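Each of the next two complexes has subunit A plus one other chain: subunit B in the first, subunit C in the second.
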Partner chain A sequence: MHNITPYSSPHYFIYLLALLLPIIIGLLYGKRFRIYDFFATVVILAITFFGGDARQGISLIFYILFEMIVVFAYKHYRKNHNNFWVFSSAVVLAIVPLVFVKLDPILKNATISLFAFMGISYLTFKAVEIIMELRDGTIKEIKPTEFVRFLLFFPTISSGPIDRFRRFQKDVLKVPSREKYLELLHTGTNRLMLGLVYKFILGYFFGTLLLPKVSILALSYGDQAPLGISWALVAYMYTYSMYLFFDFAGYSLFAVAISNFMGVETPMNFKQPFKSVNIKDFWNRWHITLSFWFRDFIYMRLIFMMMKKKLIKSRITMANIGYVALFLIMGFWHGVTWYYIVYGIFHACAMITNDAWLRYKKKHRQQIPSNKFTKALAIFITFNVVCFSFLIFSGFLNTLWFS
Partner chain B sequence: MKKKLWMIFGPVIVAIVALLILLWTPINFKTVTSHKIDQASTSLDVRVLKGESVKNAAEKENYIPIIGSSELSRMDPFHPSSMAQKYHWKNKPFLLGNPGTASLTQTLNVSGMSNLKNQKAVVIISPQWFTKKGVPSDAFKYFLSPLQITGFISNSNHGNKKMNKYIANRILDLDSDLGTIETNALLRIADGKNITSFQRFYIGNISRNSLKNQDSLFGTISLNDHQDKINKAAAQLPKDYDYKDLNKLAVKMAKRHSRENDLQIGDSFYRKQLYRRIHRYKNAHTKVNYNQSPEYNDFEAMLYMFNQNHTEVMFVIQPVNPKWIKYTGMPKDSLANFSKKIKYQLKSQGFNNIVDLTHEKNPNYIAEDTIHMGWRGWLILDKHLEPYYKSKKADPNKTNYKMNSYFLTKKWADNMSF
Partner chain C sequence: MENTEKIVDILKDVTGLDNIGEDADQDLFATGILDSMATVEVLVTLQDEFGIEVPVSEFDRSQWSTINKISDRVKELE
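Entry: the complex of A and B
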């Protein structure tokens, strides 16, 4: 047996749907079988993490235990105290395993990534969210079983979407009415089918059939112009962008669809991102749950701190510092390589430029036209800026220039 | 509720049923037409190599396969496909090989060509396959056909035990992520055991039937098409075949196409592949040695397949551009030694039809670039092919092979004195 990556093979879907059947029937008749849910989760996690090499599974277990200690220790502390430094240490402790995993590849022969398993990032986002909300007081009560159920919710375990604890609780504590559940089954089925088209037809077309060909072409022209720029490289940029979108959006649709079958309305991750009229709009439509997580738990908190401490007067400067911090962290989170970090800086610059433009536009509202054509132009520019950022993100330039 | 559920899941269920029918029904989808076969014979599409339906259909028509590697894509006017078209050979070449295909890939390819029984084939051997490490795992995996694996496994209970054992071991060595059931079956074959009846049922029926249907449904959709290229190439040839005239024409064309360097390398190849890094190759091959390689064992496995099918085979040992040999400082005897060793392996087992192009008296323009046949190289080969292509039936007197399992051992692979 092998570990099966979620939603990657027909086998996974067969196992998944077989396991889901009792849950679906239960929900149709207004029941949640808690013990069966637990059983199904264990089976799916076993297929995913203990299929062949069990190291991932063992890492997962230790990781969960570690996060539980951090979260519940902080929860206990928070009952009577609220010190900023204790809070910060809890957050740092919670992300330490993830940091180790991300640093591991750049240290030669190191094995500090004790807790390496697929999906560690997404579990960490959820754990940090809980610590933050415990401090805010928006989460007051959380039981260990609830914590584990939230983290290990299997439809979203490997790559999100990143749900929020209170929203998730609202869904799992109640049973939807039959009418409502039938509707969920309906949208879920549609999403599942759309996901199949996205990931296994369009994603396959762009990623498996087209990308290797374009890549060979772009590399073969690599010697002929400064920086290896060629039309083939431009083709690579668009092909990779399409692949990235359809592959990830397809996966996200599966995750949301399976959540729906379980009576949980996991938030959507994509909202026609290539229709964005500017870069800010783009981040509200692309990998939405991640960008909202970064907005709520990094950007807003940073801005709030700067305002409270009165470190900086100008609101514009404050926002810009926030963008740089947010996208730098996002870059490092993707991985400690130059191209992820440059990708982060590129997006920070795009956001800052976009804000400046919007301010300019507001001031000169009379002179600047706004109609169908300007909107089309805006979409065109945003699309190309985004695709260029994905070219950086792809790491292809690294191959083209340095190897 | 029932109606609503049906409205939701009905279409999905219908789609799944339709898919199952498409994948497992024993209906023969007649997608392979003679036009498709003709297109496939020069398309060099990986799906042709990895599939079975087109090749086996071609064996029923007037095609004789040429099994090789990257040289097959050098489609100048003297390429066998162009010559066969222009001078109306009785049988036409069916090209099987891509950059990176070596003996083991071709062994499985041949094992999937069930209609090759008692027929003829041509194999073009590249000395460059026979490196110290043998075929790279990535290249092998890329060309590994799940369909041919299922065929090999299902046929493993008959056929030569030693060969089956060897092939199973090699596949497991080079590709560790086959399906669980396939891997277990190969492990049993590698141990010299018969596969279990469950493995036979699952691999031989369930998975093979579905892969077969996929092959006949999708194996020939929008194939690469090189027919235009062949037409253009053939149009440059004179109306009547005359070896001397053609030889002159080949030299003339080769000269015209290799003006930008003095290594007799075609300009477009030189510009694309070599121009920027030519200096790196200066004296880079002084230690090259094609005499110790696991490839000799892989090659033997392919011979066993031919023996099993009573296939008559013409072997061609591909030359290397002599100017390139000099430039890269390749030792003089490395090709001679290679040719000696491979010929010993062939002849001692009764494979006597060998065309050795490594020591032609006049090697000018024998290669189109560095290590690939072209121009005069093709022309010389065509002289041997044309009579061979007169009939496609194997001569039973020429398929009395005497297989020797010594050639499957590491001892032979490393042997330097023969």
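Entry: the complex of A and C
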């Protein structure tokens, strides 16, 4: 036995569907079996984190205990006090394990890598959300069992989508009507099937069959032109972009489908991102739960603070600072390597340029045509900007240039 | 009623659009009238004008998406 990555192999699906069966039957008859839900969670987590090497599982347990202490200590404090610095310390403490894990490749310290387990970033997003909402007073009551159930909700544990506590509670505290549940089973099944096509056919085709070949080709042209630019590199860019989308969107469909089977409407993560007409539109369609998390908990809060404290007058400057902060943090979150950080800066620049263009367009509405052709052009430009950013993100340029 | 007029004025100031308020049930987010920046601006102005505290995470988009809904929420918080 070894640890099984969620949704990566037929075994996982077989175990999963067998475990889900009692839950599905229960929901069809209007019941949630709390004890069985807990049992199923333990089994799935055991398969995922204790299958062979138990270190990940042990890290997970310590991580949960640590986050519980931070969240519930802050909740206790927040009952009677509301100091900004205590709040900030709680947020910092909650992200400390994640920061350690992200710094691990640089520090190369054996003790630090003990913190790591699959999905740590996604659990951290949820814990931080709860701390922020405790401060705002939008979450007033949360029990330790509810906290653990929310964090360890197994369909989304390894890579999201990132749900929100209050939304999640609404679903798990009630049992959907039979009509509603049948509808969920129906959409869930469709999503599962589409996910299989995305991840195991299209993702496999682009990622496993095509990408290695294109990669060898692009590397072989590496010293024939400045910066190793070749048509093969362009092909790599598109192939990688397709792989990234189908693999991740496929995974996300699985996570939403399995949530649906459990009567939970986990939000969707992708909405036809390659049809975006500009980069802002793209971030409303790509890895939606992540970009909305950053929007709500970093960007809007930062703008709110700048506006309230009247730190900066210009709305444009404020928005731009917000973009740089958001995408830099997102870059670092992906990992502390030059290409993730450049990816972040690239997207911040794209957003700033896009805003400037939209302002220009607003002023010159009469002169600038708007028709089917301009829309197609907008989609084409956005698509290529996005694919180029994925080429940076892929780390392939690092291989091409530095190794 | 007075609240709604005030809210419409705020929305006009923030977005620079004069036709806001014609349909008080129009979804301000779906139609792209309010982006994140404009949303925060509306929030901060609401706080100043009505003396209410609206934390960002209270701002559930589904509950604040139309002029009528904003007006209801402001009344509740006042």
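Basically, the second predicted complex is superposed on the first by the 399 of 403 C-alpha atoms of A that agree within 3 Å, B and C clash if a C-alpha of one lies under 4 Å from a C-alpha of the other, contacts with A are read in each partner's own complex, and residues count from 1 in each chain.
Note that in this section a residue touches a chain if its C-beta (ideal position, glycine included) is under 8 Å from a C-beta of that chain, and two chains touch if they have at least 3 such contacts.
Predicted, not measured: the structure shown is a model, and the values here were computed from it.
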{"item": "Touch count on subunit A, higher of subunit B and subunit C", "value": "C"}
{"item": "Partner chain in contact with A:K361 - subunit B first, subunit C second, else both or neither", "value": "neither"}
{"item": "Which superposed partner A:S220 touches (first subunit B, second subunit C, both, neither)", "value": "first"}
{"item": "Touched partner set for A:L28, first subunit B, second subunit C, both or neither", "value": "first"}
{"item": "Subunit B versus subunit C as contact partner of A:K271, first or second or both or neither", "value": "neither"}
{"item": "Partner chain in contact with A:M193 - subunit B first, subunit C second, else both or neither", "value": "first"}
{"item": "First (subunit B), second (subunit C), both or neither touched by A:R295", "value": "second"}
{"item": "Which superposed partner A:L185 touches (first subunit B, second subunit C, both, neither)", "value": "first"}
{"item": "Complex contact set, residues of subunit A against subunit B", "value": "1-2, 28, 178, 182, 185-186, 189, 193, 220, 223"}
{"item": "Touching residues on subunit B, where the partner in the complex is subunit A", "value": "1, 4-5, 7-9, 12, 177, 180, 272, 276"}
{"item": "Partner subunit A, residues of subunit C touching it in the complex", "value": "35-37, 39-41, 43-44, 47, 55-58"}
{"item": "Of subunit A, residues touching subunit C in the complex", "value": "132-133, 135-138, 280, 295-297, 299-301, 303-304, 307-308, 315, 318-319, 322"}
